[in-house]
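Take a look at the structure set out below.
When the chains are written out, they are named A, B, C and D in that same order, and each has its own residue count from 1.
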Amino acid sequence: MKWFISHNTIRSSFQLTLEKECGEKVSHCYQCGKCSAGCPIAFQMDYLPNQIIRMTQLGMEQQVLSSRTIWLCASCLTCTVRCPREIDIAEIMDYLRRQAYKKGIIPVEETEIPLFNKIFLRNIELFGRLYEMGLIGMFNMLSGEFFKDVFLAPKMFLKQKISIFPPRVKNIKETRAIFKRSGKLGKAHRDKLLNPRLLFLNLSRKIIGKIAKRDNS
Amino acid sequence: MKYAYFPGCSLHSTAKEYDLSTKEVARALGIELIEIPDWICCGATPAHITMHLLSLALPVKNLLKAKEMDSFEVVTCCAACFSRLKIANHFMQNDNKHRKNVEEIVGEPYKGEVKVRHFLDVLINVFGLKNLTERVTNKLSGLKVACYYGCLLTRPPEITQLDDLEEPHLMDDLMKVLDAEPVKWPYKTECCGASFSLTKTDIVLKLSGDILQMAHDEGAQAIVVACPLCQSNLDLRQAAIKKKYKKDFNIPILYFTQLVGLSLGIEPKKLGLDKHIVNPLPLLKERKVLVDK
Amino acid sequence: MSEWEPKIVGFLCNWCSYAGADLAGTSRLEYPPNIRIIRLPCSGRVNPLFILKCLSNGADGVLISGCHIGDCHYSEGNFYARRRFAVLKKLLEYLGIDPRRFQMSWVSASEGDKWARLVTELVEEIKQAGPNKDFVRKND
Amino acid sequence: MKIGVFVCHCGTNIAGTVDVERVSQAASKFPKVKHSASYKYMCSNPGQNLVKDAIKKHKLDRIVIASCSPSLHEKTFRKCVEAAGINPYLIEMANIREHCSWVHKDREKATQKAIELTRLAVSKVSRNKPLEKTYTTIEKKVLIIGGGISGIQAAIDIAFANYPAVIVEREPSIGGRMARFDKTFPTLDCAACILTPKMVTVSQSEHVTMHTYSEIEEVSGFVGNFTVKIRKKARSVDINKCTGCGACYNKCPVKVPSEFDMGLGKRKAIYTPFPQAVPNVPVIDRENCLYFKTKKCGICKKICTVGAIDYDMKDEVIEEKFGAIIVATGFNQFDHSVYGEYGYGKHKDMITGLHFERMVNSSGPTGGKIIRPSDGKEVRDVVFIQCVGSRDEQKGLPYCSRLCCMYTAKHALLLREHNKDSQAYVFYIDIRAAGKNYEEFVKKVQDEYGAIYLRGRVSRIFEKGGKLIVRGADTLSGAQIEIKADLVVLATGLVAQKDAPSLAQMLHIPYDKNNLFTEAHPKLAPVETITSGIFLTGACQSPKDIPDTVATASAASVKALGLMVQDKLAREPLIASVNQDLCSGCLACLKACPFSAIEEDEIEDRKLRRKRTVAKVREAVCTGCGNCTAVCRMAAIDLEGFTNTQIMEEVETL
């Protein structure tokens, strides 16, 4: 492919740290590819799940954490339940995503999912339950997909499937405290949505793309 | 039969008809569902992707609220909530390190003592198919349905402990009791794209399109689901699938509770059958399974 | 002495557990060096007196390990052992000896990994039980 | 008493973690130790000479060797000291390799432990007594359990040396799995062509007795003197009268799926499993026979001109004595119905390799046509999946079944040979073709027979539109692959026979967690078991192909013949003995003995001046387990080599 890796990469502690922190034995993988064979999202991924595991075995932290694959994993667990080596691949993907958040490595082409996750959690932290209008509005605004699904909105209102007002939970302070303490104990950055620079880059990418599309047509 | 009921966010918004029909069916069958007061979101997929502890603490908080109601069994309908609650319980039962952390976060001791059940499980394994057969007044004869279970109802099997991993059959069994005809099809547990509805709509269109295609090919007139995410992906996105892949399936996506409700003679409106994007009423009329009032 | 290290005696049957311990060696599985193995033909050879003697001589723990039930090289020696030591264990408990000090296990010749794990856990457990002062001969 | 201690470096195996010199020095200060030394390889010739010389020079009378496990070299050193004039039972070994240097890393602690282990051995040896070997006779007959290719080969080898062999086979005919195969890799000679002559040789040999349709019921005794009970199941056909004309099964009205053809073809209720069966005598399957079910029919009896049919035949249990036993029970196929993702084994057009063998065989149920079992149509696209059950810790076996790579390559080749328009797709993880001409064979299948090899496991198989949709991946190109297949052939792994554990328990041989029988040493004693006189061959020990099976069969035969040619057999004197003066005659030992090796005896008590009952050990029967010693209240019965005083001495030195 397009990499050159040295013994320094191979000897890095990436795999060992992963095995220790998420408890999954990556070194046990013998690359049978059953995970990739059954992955429903593989057609969109830049690396197949088995390649991600292989790259982890070789200590290629940078490449793994900046891959699109880890964000595209839908956590459907097809790989996990069929792995002959009993490796929980979905859990490894979760771990890699958490690491990518921590290190702020997120590919600019794949900002939607990390952004969505952050907005979703923020939403829960504020309201206790999901406020769909708020989620969609905020996501559309920050991701540059301003008019996404607006045609669906009236239908949803009519069928009372989406409410304009946020849900109400009485003891919202309790929920917020859970968020705060989880962030502290898990040593995760809770507050930052995403790096503003990344958001900006993504926005401009989208808008430029749209303008270019319009010009072409 | 008395249970604490955890509806989850979807059932209060996009999947309102699931909530309605579940409550109707429960009422008709004498299953008492008491909504957990002041429940909060279980964290869904974003939580376990972002902060592992949070993804355990949120469900545990809800289970503790159920415990306060003196209820040791929680029923939920959403497959995602079911999965999160079950996983949280699993960690609290088996992982001391995580349990300590989560107990610190929620401020209370908890060892996974509240049992979590899916409503499907309650209906089939507690109420019993035999009892249900006796209550069916309006048979859904001739209605060909594809039972779609999705990813999270059966996976991972050691945690959910609900149904067969690769070929689940609970809903099929249920449909047979209602005299509907479950088709044999291979996509029972294929992924619909789940949480990518908003973020990666293309993926959802492809995966849901494939599922609809397969159901169509195997002769299903409707798809029966037990998960609000599956329902919204398959139902909501059919228009876009039509636009992108030039395929007009027009297959109604129904909750199993709605069909059970119909067979018990409950009015369609009470079951929220008017709330679908792909209107199921013409099909149900054609198949003569609607209750005449 | 830096830290107290327990002394454990293991009575192992020649056919299964001793071979299993050998396999742990050939597989280079590491475990703590606190165990002293005495080889016997069968777990049924172990006379309860040996165990009492070990404990009174200051051993902190005694382990008896034989073939899995049903797999005894001598058909039924381990059945006898199991029955015999279930009684002895009760007796020792009655005498006020920490039950952790006397344990039984079944390790086959192919279970080197089980042996290593077993010893590691056993040493850990005996460490928690502390030095054997329950049954030591008073010298003066 | 002058004890000599010899500490072995074992190269760096021991010396790497244990300070051997310090052990030797510490040992020299132990009580009664007159001499201690260390050497690089104590078991080598110079090492043994060192021991012998020291014995002479220092007049040593007891020896401790601190080295490896006694299971490896106890015999070596017994011989060594015997040559130097010391009774061979006056040595003890301290296992400072397997139980010390190999399992510990801390040099200080390991050295300390090695010293203590040596001290234990020294204290034990100080209580050893000189013992003399006993001798028994040998029954000059070999039992072979299993009549597949490995049992057949073993029988031929033993008969060739003019010793009698007895084959016990569960099925109605010998031949085993190999009889089902079509061709054999890598030479492609037909299995029947090379197996049938061997089957005939066995049946015609004056030295070989066959008990087919029979099972082992009970085994007792020990090397040289095994007593075995064999259940000869009621065949319902008199083997001495039957001429093998076949009229009975031609006329039998009942058809059931044939086990031999893996259910692809039919057989009758009275049947021989296949045309070349040996013995060529049918058997009545009583579960399906109309006569046995309804008492009607009886056609076979009417038609048999020699009156061989006997509906009243009963199971017969015979007892025979043997000097050695060869276990050749073979393997079973892995049951792939555990794979939900492959449809729980319910897809009709998904078959195993053994099914394929029958199908491709010109005398098989389809006449050599490769068809879809569901609709009988000829196949075009065939997917082969390797490692089904093998190398799968989640649902299958941890090990590699070793021959699936090769037989799948053979199948891919045969497929193309039988059907020019077909295409083979082989999903594999690794190709393990380590054997003479194996790699070349696989390459040939890829190059000349156009088999497409795809590197990846298959994740899902389902039916759609009459085809099987196979979803796999090719990890080399990073592609997901979907193939619409007419037929899927699973290379299911090899597993132990279901009743392997119960046979092992009968024979007192160990088996591993996969129920495969365990050899005495994986490298140096691969066909022996720890129970002397019992040998292993073929796939009951681990998956083996035909060449390996035949090789181990001959190896096991040589080991058995090695016993046969002896006049008498030396037995270890490590058996129980009764001190009749101490014996109170309670006879608790008699009940505790698993082998009935203790009997009542009467002695004249001189003090009491009357006769008194005591226990007595039948030396030829005692196996030396020592169970009796633990029940003796008087400590009158003791086990030589592991006496109470020896063990107490060890315990005292702790």
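Rule of thumb we're sticking to: a residue touches a chain if its C-beta (ideal position, glycine included) is under 8 Å from a C-beta of that chain, and two chains touch if they have at least 3 such contacts.
All values derive from a computational prediction rather than experimental measurement.
**Student:** Among all the other chains, which ones are in touch with both chain B and chain C?
**Tutor:** Touching chain B and chain C alike, sorted by label: D.
**Student:** Out of B-D and A-B, which chain pair has the most contact pairs?
**Tutor:** Contact tally favours A-B.
**Student:** Approximately how many whole Å separate the CA-defined centres of chain A and chain C?
**Tutor:** Computed value for the inter-centroid distance: 51 Å.
**Student:** Please work out the Cα centroid separation of chain A and chain B, and write it as a whole number of Å.
**Tutor:** 24
**Student:** Averaging only over C-alpha atoms, locate the centres of chain C and chain D and give their separation in whole Å.
**Tutor:** 30
**Student:** Can you list every residue of chain A that touches 2 or more other chains, as numbers and ranges?
**Tutor:** Touching at least two other chains: 43, 78.
**Student:** Quick check on chain B: which residues sit in contact with 2+ other chains?
**Tutor:** 165
**Student:** For chain D, what residues touch not just one other chain but two or more?
**Tutor:** 341, 460
**Student:** Which chains touch, pair by pair?
**Tutor:** Touching chain pairs, listed by label, are A-B, A-D, B-D, C-D.
**Student:** Would you mind writing out the residues of chain C in touch with chain D in their complex?
**Tutor:** Within the complex, chain C contacts chain D at residues 7, 9, 14-16, 18-19, 21-22, 24-26, 28-33, 36-42, 44-48, 50, 53-54, 57-59, 67, 70-77, 80, 84, 108-111, 116.
**Student:** If we count contacts the way the header does, which residues on chain D are in touch with chain A in the complex?
**Tutor:** Per the stated touch rule, the residues are 341, 387, 391-396, 429, 455-460, 471-475, 478, 480-481.
**Student:** Where on chain D is chain B touching in the complex?
**Tutor:** 340-341, 343-344, 460, 462-465, 469
**Student:** So in the complex, the part of chain D that touches chain C is made up of which residues?
**Tutor:** 69-71, 95, 97-100, 102-106, 109-110, 112-113, 116-117, 120, 501, 504-505, 508, 510-513, 518, 530-531, 574, 592, 594-595, 623-627, 629-631, 639, 642, 644, 647-648, 650-652, 654
**Student:** Can you check the complex and tell me which residues of chain B touch chain D?
**Tutor:** Those in contact with chain D are residues 164-167, 186, 214, 217.
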